[in-house]
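As structure tokens, here come the structures.
First subunit A sits with subunit B, and in the next complex the same chain sits with subunit C.
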Partner chain A sequence: MADLGRFALLAALALALYALVAGMLAGRTRRAEIAASAGRALGAAAALEGVAAAVLLVALGTRDYTLRYVAAHVSNAQPLLYDLTAFWGGMEGSLLLWALVLSGYTLAALRTVRRQRPALVPGVAAVCAGTSSFFLLLLTTVASPFATSPFPPSDGRGMNPLLLNPWMAIHPPTLYLGYVGLTVPFAIVCAALASGGHDDAGVLVARRWLLWAWYCLSMGLWFGAKWSYVVLGWGGYWAWDPVENAALMPWLVATAFIHSVMIQERREMLTRWNVVLVILAFGLSIFGTFLTRSGVLSSIHSFTQSPLGAYFLTFLALALLVGFGLAAWRWDRLRSRHELDAALSRESAFVLNNVLFLAAAFAVFLGTVFPVVSEALGGRAINVGPPFFDHVVVPLALGILLLMGVGPLLAWRRASLDHLHRQFLAPGAAGVLAGAGLLGAGVRPAGAALAFALCAFVAATIALEFARGVRVRRAHRGESAVWALGALVLRNRRRYGGDIVHLGMLLLACGIIGSSAFATQRLATLAPGQDAAIGEYRVRFDGLAQETRGGALSIIGRLRVFAGTRDLGAFEARRNLFLRSQDATTDVALRSTPRDDLYVILAGWTADGRATLRLLVNPMMMWIWAGGLVLTAGAVIAMLPERRAAPQVAVPAPGVSAGGAWSPGGL
Partner chain B sequence: MSAVHPGRVGQRRHTLVFVCGAAAIVVALAYLVYGGIQQGATYWVTVGELEQRAGALPARVRLGGTVAPGSVRWDASHRHLRFAVTDGVHTLPVAYAGVVPDIFSEGRQVVVEGTLGRDGTFDATTLLAKCPTKYTPADPASSR
Partner chain C sequence: MVVLAAAAALWVLAPLRRPAVAAEEETEREGLLRERDSISRSLRDLELDRATGKLSDADYAVLAARYRARALAVLRRLDAR
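Up next, the complex of A and B:
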């Protein structure tokens, strides 16, 4: 079986290399049959990767411990579902997943590109094949999932119990869908630059792919935060860990692109900038995979000691060289047709938003690689922790939040002061009222109250957008308000999908502000029957219990929670001790309401039955999770194909609204 | 190429405004980054380095190493944790009170942040443990 898997990967590598050469040759000679041959080779490579993946899945499912990978990530006691998710629980398997997802994307991309821009097919095939070749090279040399051991153990080591969680089962594949999805825009842009004759540099074709990758990255980050909150038992959801930053950086760059591409569509400006963003996003996705899979950021020395690190950095350098090299070669052709008309316009708001997003991405990058850079420059590794990120990223995020409210109110090309006055009066008043109200109600720190006021301002601008659209529809067609709202969103999916995504981000921002500014915690050691108060809650400790389940001994702190005199019911805070592996996991007692979360960790216990509890009240956590759901709704609406999609891609006429026939809000 | 629009002078003025704005943002970012580094920077050290050059290092450092087997002690109420961090040669006692990561256990790699006390105990305010499956250590013997 293992031989079949190994053979399939080797054959896939050969086919991918062939497709790389054939694609480049087809691009040079412009012969369609060579390009078709490259496409067929990629199809066959995808099938072979599918075979390899099936072999690995069967081996994981049947617990075939002759494979080292299976022995390392599966154990007899592990539930079958998690045996299968062990596919992406380790490095080799997740690289195989990368290659497999890339092949799927490649085939889909070739189909759509063949329809929209046939001239780009050879280039897309070549770039995708090149990236595939790299991952297949890793899979057949330094990171083979099919390595066997001559003396297979009778039981495997299994995954770390922390990973045995539904959120962790879906978090990596979602994130990978995003990372890998950034390859396709890169391939399209490289193909357009190489073949020439595409004044948009392929950016407009790449947009939809990048949007999808952006959405997957968002969801991946969201699932990861949820996992961290529910499973890791430290009360937080984001720790500026290098692995988290690895996913945040491409997300920031992709978010910048989603905004700036609109300017290219409408005004044929910023083409160069968008090309750079696509290349950067791809580079960061490779960098992120590398970080997640090697964790080498503590020291520069481990860079050179890990064979994987050298491979990844070489590929990254090569990819950036190709991308930026092609961009430099066509630089003059990508000149903007128009220039900024006025400093006060929607375009300049978008440009500023892009600068802020890139500044945030740069700050995160700098903080993440700081130990390595400082060691290379000064000989000593210096770490910058969460204080650095909070200090740098929070002001940038607030600036972005402000622009989220201001941008949609500004007219394209040139905003008049009179117009601005009308636009900003109501939302501005809402913001000021909210701020004054919160400060008057004694909300401190004042910074948090002001941040909420900013959120209120942005929410008012979004509400106003919807209200205007609904009013216009009702006036023209006499529809009911609900019907008009639904029709409005569905007929202008990109615009209102974007607004809904903004609403989701706003909920997320409120959740982050609330939970980081107003969280309280305390530690209490209680005997049975005693209680501890935190916030409005009173937690009574009702004694310890024990239970063995799935190879783990669980110590259970039985709790009863009261709010005032109201009984909120029984809760359990557990600590699970895995006897074989010295691992321990925490199951927190969690009660969520839109107002706040009560989060209780069983920190310790004594022989005489007392327990030490860590009690936290995290306000507005639910808003973060709700924000993710709203963001999903908005992204799905924005990604649904428009009914009149075709003319948009072909020749974007300057100044013509791609939205609806009517244009409220100074469009 | 902007023959479509009259008034190139005005446009140049806008470009100037834009360039000035970009410069202001870059300066602001540099200022933010500088402040952030001032706030958040801590040195990475190994146990051996900390013992030899304690005086030459800033008070607050990040210490990396392995939890010495058999050294983990909790107090009765499980509030305070004591253990020893070793780099294979030198060993240093650590005291910590706070959230202990689930993956913390003897023999695992940890990073503690804090200060070295007069009595030779490292007072840690942060305790991070490396997740063995998420981070595949490149070379466990020499990582720090």
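Up next, the complex of A and C:
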């Protein structure tokens, strides 16, 4: 079986290399039959990667410990689901997943590009084949999932118990869908730049692909936050961990692109900027994979001991060289055809929003690589830690939040001061009232109250957007409010889908502000029957129990929770001790409501049956999870294909005004 | 495995045995259609901005006239093809 897997990957590498050469040749000679051959090679490579993936899955499912990868990530006690998810639990498997997902994307991209811009097919095939070749090279040399052991063990080590969780089962593949998805926009833009016949540099075709990748990254980050919250048992969801930052950086750049590409679509401006963002987003996706897979984060020494880091850095340098080299070559051609009409317009708000997103991405990059750079230069890793990120990124995030409210109120091209006054009156009043109300009610810290006031302002702008649209539609068509709302959103999917995404982000922002500023916690050591109060809750400790489950000895703290005199039921807080691997995991007692989460960790226990509990009340946590769901709804609406406009136009006779001849059917 | 490799190679190389065909280029028509869509989207935004009070009638008239002129030029070129 291992031989079949190895052969499949080697053959896939040969095919990908062939597709790379054939794609470049087809682009140069403009010969369709060579491009068709390159496409077939990529199809065959995808099939072979599928064979390799099937071999690995069978080996994982049957616990074939002759494979070193299986022995390292599967154990006899591990549930079958996690045996299978071990596919992406380790480095070699996750690289195979990268290659497999990329092949799937490549085939889909070739199909859509062939329909939309056939001239780009050879270039897209070449760039995707080049990227595939890199990952297949790793898989056939330094990171083979099919390496065998001459003396297989009777039982494997199994995955880190922290990874044995449904959220962790879906977090990495979703993140990968995002990371890998950024290859396609990069390939389209490189192909357009290389062929030279596309004034938009392929950016407009790349937009939908980048939106999808952005959505997957968003969900991957969201699943990761949820996993961190319920599994790690520290009470938080984000710690500026370098691995999390690795996904946040391309997300920030992709978010900037989603906004700036609208200016290119409408005004034929910022093409150069958008090209740079597409290249940067791809570069950061490779950089993120490098950070998480090279070992460089644990220590510069482990990085130098593993050849993987050097491979990644070389490929990253090559990819950036190709991308920026092509952009420099076509730089003059990408010049904007128009200029900003007014400083006060939606375009200028988007430009400012891009500056803030890029500044945030740069700050995260700097903070993430600082320990690596300091260790390389000074011999000692200096970790900047969460305070650096909070101080730099939080003000930028608040600026972005403000622009999220201001941007939609501004008209494209030119916003007149007179209208602006009317636009801002109601949302501004909502923000001021909310801020004054919260401060008056004694909400402290004042910064949090002001941040909530900003959220109220943004919420009012979003509500106003929908209300005005519905009102106009009702006035024109006499529809019911609900019908008008549905029709408005479906008829203007991108605009209102975007507004719904903003609503999701707003919920997320409220959750982050609430849970960061108002979380409370305490430590209590209790004997059975004793209780501890936190916030409005009272937690009674009813004693310890223990059980053996899934290779772990679980110590269980039995709890009963009360809110005032109301009995909220029985809860359990567990510590699971995995005797074989010496790992320990935490199952927290968690009660969630839209107002707050009661979160109890079993921190310790004594032989006489007492338990030390860490109790936390995290306000508004549910808003974060709800924000992710709303974001999904908005992204799906925005990604739905648009019906192509079929305008009614009457070409006027000479001397007759063109006014009124165009009917775009706006509402 | 050897048979599998040979079959894959034959399938991949089969298109090369066909007579040489020039690759499809993006036609001018496709570019014009894209520009038409972009203008249509811009006009729709403009209309919505005016209807929801973000744009004054005077600004709307100036901007819409510019877009309409561009649209007519595009449509004339499309019609001429």
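Here, the second predicted complex is superposed on the first by the 631 of 667 C-alpha atoms of A that agree within 3 Å, B and C clash if a C-alpha of one lies under 4 Å from a C-alpha of the other, contacts with A are read in each partner's own complex, and residues count from 1 in each chain.
Convention: a residue touches a chain if its C-beta (ideal position, glycine included) is under 8 Å from a C-beta of that chain, and two chains touch if they have at least 3 such contacts.
Since we're looking at a predicted model, the values are computed, not measured.
Applying the stated contact rule after C-alpha superposition, one finds that A:286 touches neither subunit B nor subunit C. Shared-chain residue A:387: touches subunit B; no touch with subunit C. By the touch criterion defined above, A:11 reaches subunit C but does not reach subunit B.
Touch criterion met: A:32 reaches subunit C, while subunit B stays clear of it.
Within subunit A, no residue touches subunit B in one complex and subunit C in the other.
The touching residues of subunit C, counted against subunit A in their complex, run 1, 4-5, 8, 11-16, 18-26, 30-31, 34, 36-38, 40-49, 51-56, 59, 63, 65, 67-69, 71-72, 75-76, 79. Across the complex, subunit B is touched by residues 73, 89-91, 159-160, 162-163, 232-235, 243, 292-296, 298-299, 301-302, 305-306, 308-309, 335-343, 348, 351-352, 355-356, 359, 362-363, 366-367, 370-371, 380-392, 395-396, 523, 525, 582-586, 601, 603-606, 610, 612, 614 of subunit A. By the touch rule above, subunit B contacts subunit A in their complex via residues 1-2, 4-5, 11, 14-15, 17-18, 21-22, 25, 29, 32-33, 35-37, 39-44, 62, 64, 74, 76-79, 99-103, 105-107, 111, 113, 126, 130-139, 142-144.
On subunit A, the positions that touch subunit C within their shared complex are 4, 7, 11, 15, 18, 26, 30-37, 40-41, 44, 48, 117-119, 121-122, 197-200, 204, 265-266, 268, 409-416, 418-419, 422-423, 465, 468-469, 472, 492, 495, 644-645, 647, 649, 651-652, 658-659, 661-662, 664-667.
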